[in-house]
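Same chain, two partners: chain A is paired with chain B first, then with chain C.
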Partner chain A sequence: MTVDAGHSAASRTDFSSNLAGRHSTSARWRLVFMASTILAITFLGALILTIIDDAFGYVLMVDAVDQKSLEQDGVPLLEMDANGLRAVIEENLSNRRQRALNRELPFEERSTADLLEIVLAEIVKPEVVATYTLYESLFNKRAIVDNASTAWPDSTLVFRSWVSMRFLSSSQTARPMTTGVLTAVKGTLLTIAITLLFAFPVGIAAAIWLEEYATDNKLNRFIQVNIYNLAGVPSIIYGMLGLAVFVRVLEPLTSGSAFGVTASGEVANGRTVLSAGLTLAILILPVIIINAQEALRAISGSLRHSSLALGATKWQTIWHHVLPASFDRILTGTVLAVSRAIGETAPLVVVGASTFLTQDPSGVFSKFTTLPIQIYQWTSRPQPEFRHIAAAAIVVLLALMLSLNAFAIVTRNRLRKQKRFG
Partner chain B sequence: MNLLTKRSETTRLEAAIHASESEYALEAKNLSISYGDFKAVKNLNMGFERKKVTALIGPSGCGKSTALRAFNRMNELIGGVHTEGEVLFHGVNIYDPDVDAVQVRRWIGMVFQKPNPFSKSIYENIAWGARINGYRGDFDELVENSLKQVALWDEVKDKLKDSAYALSGGQQQRLCIARAVALKPEILLMDEPTSALDPISTAKIESLLDELKKRYTIIIVTHNMQQAGRVSDKTGFLLLGDLVEYTETKTLFLNPIDERTENYISGRFG
Partner chain C sequence: MFSATRAPYSAILAAGQIKASQMKQEHSALYPEEESGILTFTKRSRPVETLIQAFLFFCASVSIFTTLGIIIVLGVESSAFFREVSLLEFLTGTTWQPTIGMFGILPLLNATLMTSLVAMLVALPLGLGVAIYLAEYASERIRETLKPILEVLAGVPTVVYGYFALTVVTPFLRSILGQDTIEVYNTLSAGLVMGVLILPLISSMCEDALSSVPRSLREAAYAMGATKLETSVKIIVPAAFSGIAAAFILGLSRAVGETMIVALAAGAGPNFTLNPLKAAETMTGHIVRISGGDISYDSMDYRSLFAIALVLFIVTLLLNAMSRRIVKKYREVYE
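What follows is the complex of A and B.
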């Protein structure tokens, strides 16, 4: 064979003609990728559907006292003015209860809606006998109505959105129809605020140290490896840490007794919002550090060099150039970490979240409950109504998370725009 | 070392500039630089005359950029670089333990291979360096003056508040030079300043150097021999970390003494 033969048609038999085969492999992989995406979307859709399904639907209620018997001069209960309602309360409610309510706020000063609320809750006392999911309510309405009229002839069937303004603005109570999520929302927001206040500055400062100052030696590599490991430690272990350190050892500080706060009568024993926030802060600290390090590492050396070549100090370089250039990335990572913290349940159970708390947290030294804790607690109740309440609370939790993420994205985009034109 | 002694070192570098009678603005003495076991620059002895353009040429990996970065202590920013010998700035060794690297870089500016303006406005790009170094004069005047020195003023005077990234690559590089001269440095180090630019932008920057050398001592690293021939007064040829030949540019290109220099400039290797 001559050298020339390398270019002749004959020698191309060394290459098998497998183009069709390669194309079909390619197509198969394309299908696998698409199917995976569809599977993921299906699961997400199913999740959202189940929540929505439970958060809305018909409720069948039987009144302990017939609303018709409460009519005054032919005016039905729901159309009465304040005077009529006050008369109903006077006639039907025990004197003791009336005095108690009057002490809270005199009847004369209460609004019509408020009075109606009292009448319904204290006198009419509607009892939930059956609840239905959104799916049943939409597609099985006939069966529900038939069942209602035969089994409970004097029942009322109402369509209820378990997520309502009332649900959002009420503190927790023992009864499913009046309970609200405000206590848990306030607890979550307070806890996360403390988490952020602690984890954000400390995490970024540690990342700056590791990335910009620390020399590449054994000790620093050891620290780095351990930060990576800490990011993978199960969250309940952070709960144990929080219990041991913040609740027990630092009790005087976290319970507020060192600052003379226990005088308010609320004894929390260190199982406070502060302990919970700090525990979550330690939980997300490694994640924030690693993410901020990656953000700093993504900044090119040439930016640092151009600053240093002008006689800038290290700190001036970091503060004026490196941090502004990496801040959008740092922020994104922090939001992801905080989203994780918002959803944490296990460590807070260990730290001592209150499972039933009717008083909203008033400050960092209050007893606390958070949305996930509340959801967990409601799902474990036997009454079927609580399943709907839990679903409603999940909707609130998701909305809270999404709005925090949206806020972060908007802020990040604004920062990026500033970066471009600043 | 406390801050006070550092401050007095600042004046030491500055005093050296005024007191110096040496013909060299910068002088390398027995300068050796190594990365681990690899010696990038071997025992370099070289003086850079005041208000002249000196070019360093040589094939890739000859140590010319490494040497340049040693002249304002930028090598320290890269891990694992070991420097021996002295670099005298008007007679003061910039590697003296009492000399602050931050001050060295303030007096010996640097322009990099790729234009790297800050993501700030054109105005801020120039004002920033002066501000952090405690400039107390009129910033508008400084910005205008610096931009005029690099012949960029007429092109950007109406958009000083715009982002520096809105400029073309050649304009960005001239902005980077303006940023360096805004500090009124003694020496400008240029590390292949035109290798990322088109021929027209390159020509503009080359013609700038004639003006700039009236005020500054310029050391330029280039892999473009024609450029070295056009812009420099003296040229040094480095090969594998050795300074093979260092003389007037004309002499080096027309009558090289060393055979290796002749081979390189006639394009037989490199």
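What follows is the complex of A and C.
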């Protein structure tokens, strides 16, 4: 085939007469190939710039009640302590609403941040009338200020970083200005912990079987092909599997009712952190196995032979020599798989992530939400504030994935230094 | 010598004057090489090793249980679905409206094919271009810098791409094509962004295929006076064709199964249209939207999702199998 192509090309063209033309064609196409590469990298740049652009910027707000009218003895609202805030609530909130809030949690037991949240949400009620991206905020500031002073004279214009300590440390609320990612981050970490707890040992064990023990027979070949097939199954199918098996069939186990655990006040019905973690574990298992197999394959046979020759059993050889020698590679492969699990959204939506959680997940039998789910929820809202919140959550998600990868690289390098051979 | 040493032993034995334990001692004193099984060639049983081996095999077979689980779950729920809706109606109906009992998968399948087609139109030429540049033109240093960047592009979660499609690409398309011609949700925008998602997969697989073509082929082409382009396009690409075709099919399979981009940007609501500027829901988008809401487990809505998932599963399985087969069958083997 290749010879034919070369031959026919040679017979069709006269090499010497058109040499300059052929070389300029070659140079032109070189530019085309380079341009496609540059375009691909531009996409990544555009993606990152968009996220940063949306995560910071001016916000134009109008308060229903002027904050200045709420000052107590000259102390502005945002600097008050808990007592001051309690006084503000007593003065300005209807008795009925006060009783309702008190029943949820007595005012005396609430933190200052919590009280401020109530004051802002129930009394001041700042309403966002416009939000701007970072680009607009930097280069169109004059237009923004003019527009604000003419259209909304009472408004306040503040530069807001949508990613803030407050955003990181607050639980989920219904309002974009006060909501946070703590609920989602806790959910993500708990879910991934379950995923790792299950997928890591099982994945490594399966890889050891396939690389070290399995003889070349029909069954083992089938297992191997099957693993490659599973790696190509769309993630949403795993979600369907999780929904049918973990959420419905194994509900007594995954909801915790079989262990006498009842989630406080909330009925999770098997749509729990545990179900989500197990679903993701099944999802990344093939990837972990394939990566671990490659790691084991990279270990030279002489290491195994010398150990066996000294009288070690097969398992002793694997446990004391093959695994330590390949552990850095196994770790890298596992981190890649876990990164994928952290970013997965579709299977968790299908398994039944909660759209709105009033309580942070406290254990494996809690209802759950994760960072990608929150990004999905917030992106699909029509209000522009949620778009900024989604961008901020993306920053948190990418930072989480990046730090995980950095941790893996550092650990791998440390392991490599310690290693005596291999 | 042997007969001399053996004589007293057999004599004692015959006399029956000593106990069995003494006899054994005597025996091992006379034949030390037979002691404690040094010369015993039967395998010693090691219960712990056997147990570990059984555990390892069990872990490996988890993958089989997973496959079985998928097949059983999809099969059972779908068969309940197909008891009420005929297979013919499901595969040929052009309306998907569960509320009035219309279950024709064509609008969903059509939308899936449209987004995937747009994605492949973006990803294949760009991906192949990137691969040719990296494998044939770029210097070692540029290649070592660019490949990790492309890997980052592949590692970004898909929901972030969905966000990008909805907040950047769609407004951009609308500003170019006009607000009236293109809807807020459309398959074009979703397909374009999906193309970017698949691009790293295609480029890295194609680059592997191109790099594995031996150097001698290139050198032979240059020696014949071919330019760099002629060598790449007429010699190397045809030689690596099986790898490129496999990459294309695997990319298509990824596109068909991709969910979050289409769930966010392609539209909510089945729509049988061939116009990529209009909103249309794909198979995956439909599953996510319906299962994300409150759904009762014994409804036709619930079962219909499994029927869609079964179609999705079969399509992607066939594509993946085809991809592997092409690599196996048409790979040019070089010595």
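In the analysis below, the second predicted complex is superposed on the first by the 331 of 422 C-alpha atoms of A that agree within 3 Å, B and C clash if a C-alpha of one lies under 4 Å from a C-alpha of the other, contacts with A are read in each partner's own complex, and residues count from 1 in each chain.
The working rule: contacts are C-beta pairs under 8 Å (C-beta built on N, C-alpha and C of every residue); 3 or more make two chains touch, one makes a residue touch a chain.
Every value quoted in this text rests on a predicted model; they were computed, and no experiment measured them.
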Touching partner for A:F356 - first (chain B), second (chain C), both, neither: neither
Touched partner set for A:G232, first chain B, second chain C, both or neither: second
First, second, both or neither for A:A40, with chain B first and chain C second: second
Contacts of A:F159 with chain B and chain C, given as first, second, both or neither: neither
Touched partner set for A:H320, first chain B, second chain C, both or neither: first
Touch count on chain A, higher of chain B and chain C: C
Partner chain in contact with A:Y376 - chain B first, chain C second, else both or neither: second
Contact residues common to both interfaces of chain A (with chain B and with chain C): 313
Of all residues in chain C, those that touch chain A in their complex: 46, 48-49, 52-53, 55-57, 59-64, 66-67, 69-70, 73-74, 77, 125-126, 129-130, 132-134, 136-138, 146, 149-150, 152-153, 155-164, 166-168, 196, 199-200, 203, 217, 221, 224-230, 233-235, 238-239, 250, 253, 256-260, 263-264, 284, 287-288, 291-292, 297, 305-306, 309, 312-313, 316-317, 320-321, 324, 332
Chain B contact footprint on chain A (complex, rising order): 215-216, 300-313, 316, 320-321, 324-325, 419-422
Sites on chain A touched by chain C in the complex: 1-2, 5-6, 9-10, 15, 22-23, 25-26, 29-30, 32-37, 39-41, 43-44, 46-47, 50-51, 54, 201-203, 205-206, 208-210, 213-214, 220, 222-223, 226-230, 232-241, 243-245, 248, 282, 285-286, 289, 313-315, 339-340, 342-346, 349-350, 352-353, 355, 372, 375-376, 379-380, 387, 390-391, 394, 397-398, 401
Chain B residues within the chain A interface of the complex: 72, 74, 77, 79, 102-103, 105-107, 109-110, 112, 114, 116-121, 124, 128-129, 132-133, 162-163, 165, 176, 179-180, 183
